[in-house]
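Below is one structure. I have some questions about it.
The letters A, B, C and D name the chains in turn, as written, and every chain counts its residues from 1.
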Amino acid sequence: MRRSFQQKLSAWYRGKYDFTLKTADPLQARWKHEYTGKEHKIREMERRELAFSGVLYNILCVLFCLIFIGVLLIAVAFLPAHGSPDNPAVNEVMERYVEEGMDETGAVNTVAGMILDYRAFDTLGESFVLFTAVCAVTILMKNTKKRAPDGTPVPMAVKPGIVEYSKDNIVKTVSRFLIPFIFVFGVYVLLNGHLSPGGGFSGGAILGGALILYAMVYGEDRAAAVFSERLIKTVVLSSLSFYALAKSYSFFTGANHLPSIISTGTPGRILSAGLILPLNVAVGFVVCCTMYSFYMYFRRGRIQ
Amino acid sequence: MLRDLFASGFIHNFPLFAIILCLLCAVVSFVLQARGARRITYMLLSACMALNGSVLLHNLITGASFTYSMGHFPAPWGNEIAAGLLEPFFALLFGVVMLCSITAGKNRIATDVRLDKQHFYYILVDLAQVAMFALCYTNDIFTGYVFIEICTLASCGLLMIRDAGKPLVAATRYMIFNLIGSGMFLMGITMLYGVTGHLLFPQLQQAVAASWSSGAYHGVMIVSIGLTVSGLAIKSGLFPFHFWMPDTYGTATPASSGILSGVISKGYIFLLIKIIYRVYGHSVFMETGMQNILFLFGIAGMIVGSISAIRAGTITKMTAFSSAAQIGYIFMGIGMGTKEAMVAVFFHICAHAITKPVLFLSGGALIDASGGGRDFTSLRGAAHRNPAAGLAFLCGSLSMIGFPIFTGFISKLYFALSAFAFPHKSMVVLLTLAVSTILNVIYFMYVSVILYTGRPDPERRIGIGRQKAFFAAVFLLILVNVAIGLHSQPLTFLFESGLQLFLQS
Amino acid sequence: MFTSLTDLWAHMAENYIVVVSIILFGVGFTTLLFSRNLLKKVVGLNIMDTGVYLLLVSMGFIDGRHAPIIADGITDAANYINPIPSGLVLTGIVVSVSVTAIMLSLVVRLYEKYHSLNLDVIYELRNKEDHT
Amino acid sequence: MLREIFVTLLLAGLVFCAVATAVSRRLMRTVIIFMAYSLIMSVVWLLLEAPDLGITEAAVGAGVTGILFYLALRRIHQFDRDAANQEERVRSDNENGSAKEE
């Protein structure tokens, strides 16, 4: 039954109707009439309290949102003009990054030079944000509940999805042709991080995407045969510890003004820019393994 | 010989060593099993305590703070770490509290978390530890944002690792509130960067002072201060945003709720204090009038937190709401803004960080002793069943009330003293202090009386023998509590000179 | 702060990209607060973050200058834009992905346990679980 | 001048997609609109002279986040289908059971 706008508004006002969601939850109907006698009274009192706080919560939220966005709009309108060269942000910090960036870090792409050399501590923290995400997703999604008596994890029954790509010939032939090119492009983006736009994060994500496509099309078991959990763990361990040790070396030598043995090489060549290339490769591996393990944990609860 | 060892320049590298060590240990225990990961975390926490302790001694001896540029490029270009007197002290304090929480909660972790996921628990503790160090030592506002994100994700992981339905609901709610907070914090940083063009604290302070006196971007500056402060206030659970606390601390394993309430919300508050004093500068912050808002919300938090703690049905909810009240104390102190009030704030952070894990851990042990029942009826006489946990809970609640020999008394004393120096609002502060203390007494003593009612029946007693780790860690915290409570002069001296160093740099 | 509405309107029209980023932030923020469906909250969270990143990058942009990749040896800063915001937003995008991955796994586990995406129903079921 | 028009168009598209995700009813539609949103966003990064962000947003934002949303939805629909089959199996058992009893 199409409820009039006024009914919907009053329903929303009482905190009952979510104007954005029409799908009725199957459980809501069944749950209502399960309470008996005394417990019903408590439920009724709690519901009235919830209803009242629901109304209050809604009004407060709407008010808070409108004021907050309004204040932001007014404040942001008075920020320095967009695109004008004499903004306060165009100061000596930016000039040094661009002008001396190439000879100090050897990176033609100043953004990569800034991320992996000038402000490297942020990016070190950044890859550990990804590492925390892997740990948290593994805690949540690793499905080791069902264990066979001898302890080996019973594989979660991989239920056939709505569309099974490994049986769809069109997708299979096209991706058989496409996957190698995605890999090559990912490696290119990864290795040319300091010369052209790209670098660790985007290259790793493209490689991760290629792995996901491979797993999706050729079936998770074949992909799991190649990328076992032990392989992913050792890759994450080695690249993250290499990253932390290499960066702590350059922090230590920098802070104590010791000459560091890493030379920046001639800009423009692939093997230039000192530590940036190996660091990009390490970050690329971490991001690739992260994306692949996200996919496998979401798809079937385990990597193996 | 010892003096020049501690005064030598090599100690400047120790904060970097502590951070890199934590990162490496987190990665290495990714491939280990539960027992290996736990040993690595114990070694790591004690090593970091030693490193931070020597940095603190070094700064005490030389009497000056130092900045440590991360990489070959000096301040405005590269990242930087600054260590005065307060930063190493709080890093040390957070390390001690984390170590004691884990050792005390060891067997509860073993039961709550599934065996093949326990090494993740210790990885998340390492990552929370490195986030705390970075929040304490950082001298760069965007590094602060990145490590706030690590802290949020690690604390959400610590919360949801318990294998049950309720922690998942609590984790979702916790994440939503925290992500709103860090979104607002990032918006504040963006506006600040747009107006000043710098990201490091010393340059930011000069740029903010210059543009504030010239009055160029007045409105944008006020909004960016508002966003940054409210973002961090949401994350540390100030009054209107403390709804997620009872769920979060109520459902997690006692060790995690001890770490979350004692350490992680304090890390956000310490970063907020650094931003107020080192980025905006004390005078600019006072002119914006933001401190009155914090003062009001602090006072409201104290009262509402204590009232909802009285109404709380279970012991864990009650302790969680009392933690919201203590956060109210801290923000009231920040809102007062005078130097004595800041010393009281540092004392209260210290007192709360030490006492709250004791309450959560002993509460958890009492709940185990009374067959998992969390409400007060089933906890009746629990202290007789587990006398060590009962005594620990009693000492913790006495310290929260502000009983003379405990640290809580010192921080409330300093709050009262600073209220007199507070020009025209001293009556409000004293009244709220009195009311809040009375409310604390009501609900803490109510619980303690319940715990000790009923006759001790010897055969159901859990002696100390079976819980040696719990006993050692909890009573170490209580010992530190009493030590600071009885002899607080050195700490006051440390906080005052630390604050002096804060204002100079 | 603003002399008149026309002055405010002129400022807004001048840097409209900044206003758009605040609109995106507002849409994401309201979806995050108001929608009862957990999955839409995660989408709203992502939109809110991209709004903030758009604001940050728009501050680094300078008209008529090119991306900060040193082209054939010209290292004069006058013809490159400010590289700092794009470096910061690169970090931000990866933070958004990790946060989305965690929130989505929470949503899936919640649905597995409570068979509902509506936050209120989940609270009620959890409270019901308390009382039994 | 052409660039200004193109940027304004893309920004309008962004706001449209953002509002569309907020208002759309079915979850699958929200996810697809969100993928389009981050695709437009990666083109906006290019126009704001930040090519690094363009690639990263395209690969990480549109690519992996889109896949994660789609997989989460599929797992949710899978639970529904399991619950539906479960109820059918239970109902069919009752029917055979009751048929046997008569």
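Simple rule for what comes next: contacts are C-beta pairs under 8 Å (C-beta built on N, C-alpha and C of every residue); 3 or more make two chains touch, one makes a residue touch a chain.
The shown structure was predicted, so the numbers you read here are calculated from the model rather than taken from an experiment.
Trainee: Measuring between Cα centroids, what's the chain most distant from subunit B?
Mentor: D
Trainee: Go through B-C and A-C and name the pair with more C-beta contacts between its chains.
Mentor: Taking the two pairs in turn, the one with more contacts turns out to be A-C.
Trainee: Mind checking the centre-to-centre distance between subunit B and subunit C? Centres are C-alpha means, answer in whole Å.
Mentor: Computed from C-alpha means, the inter-chain centre distance equals 28 Å.
Trainee: State, to the nearest whole Å, the distance from the C-alpha centre of subunit A to the C-alpha centre of subunit C.
Mentor: 13
Trainee: Averaging only over C-alpha atoms, locate the centres of subunit A and subunit D and give their separation in whole Å.
Mentor: About 15 Å separates the centre of subunit A from that of subunit D.
Trainee: Could you work out how far the Cα centre of subunit B sits from that of subunit D, in whole Å?
Mentor: For subunit B versus subunit D, the centre distance works out to 38 Å.
Trainee: Return the residues of subunit A touching two or more other chains; collapse runs of consecutive numbers into ranges.
Mentor: Only 20-21, 72, 74, 76, 78-80, 87, 89-90, 93-94, 97, 109, 111, 119, 122, 126, 129, 132-133, 136, 140, 197, 199, 201, 287, 294, 298 qualify.
Trainee: What parts of subunit C, by residue number, touch at least two of the other chains?
Mentor: 1-2, 17, 25, 29-31, 33, 35, 37, 40, 55, 58-61, 65, 67, 69, 84-86, 88, 90-91, 93-95, 97-99, 101-102, 104-109, 115, 117
Trainee: Two-or-more-chain contact residues of subunit B, please, as numbers and ranges.
Mentor: 142, 146, 149, 153, 156, 160, 187, 193-194, 219
Trainee: Using the contact definition from the top, classify how the chains connect: line, ring, star, complete or other.
Mentor: If you draw each chain as a dot and join those that touch, the picture is no line, ring, star or complete graph.
Trainee: Please give all chain pairs that are in touch with each other.
Mentor: Final set of chain pairs in contact is A-B, A-C, A-D, B-C, C-D.
Trainee: Spell out the residues on subunit B that touch subunit A in their complex, using ranges where they run on.
Mentor: Residues in contact with subunit A: 12-13, 16, 20, 23-24, 26-28, 30-31, 68-73, 76-79, 114, 116-117, 120, 123-124, 127, 130, 134, 140, 142-143, 146-147, 149-150, 153-154, 156-157, 160-161, 187, 191, 193-198, 203, 207, 211, 217, 219-220, 222-224.
Trainee: For subunit A, which residues are in contact with subunit D within the complex?
Mentor: Residue positions touching the partner: 20-23, 109, 111-112, 159, 161-162, 189, 197-199, 201-202, 205-206, 208-209, 212, 287, 291, 294-295, 298-299.
Trainee: Would you mind writing out the residues of subunit D in touch with subunit C in their complex?
Mentor: Per the stated touch rule, the residues are 7-8, 11, 14-15, 18-19, 21-22, 27, 30-31, 34, 37-38, 41, 44-45, 48-53, 56-57, 60-61, 64-65, 68-69, 72-73, 75-76, 79, 83.
Trainee: Spell out the part of subunit C that touches subunit B in their complex, as residue ranges.
Mentor: 1-2, 25, 29, 32-33, 38, 41, 45, 48-49, 52, 55-56, 59, 84-85, 88, 91-92, 95, 98-99, 102-103, 106-107, 109-110, 113-114, 119, 122-123, 126, 129
Trainee: How about subunit B: which of its residues touch subunit C in the complex?
Mentor: 142, 146, 149, 153, 156, 160, 165-166, 168-169, 171-172, 175-176, 179-180, 183, 186-187, 190, 193-194, 199, 218-219
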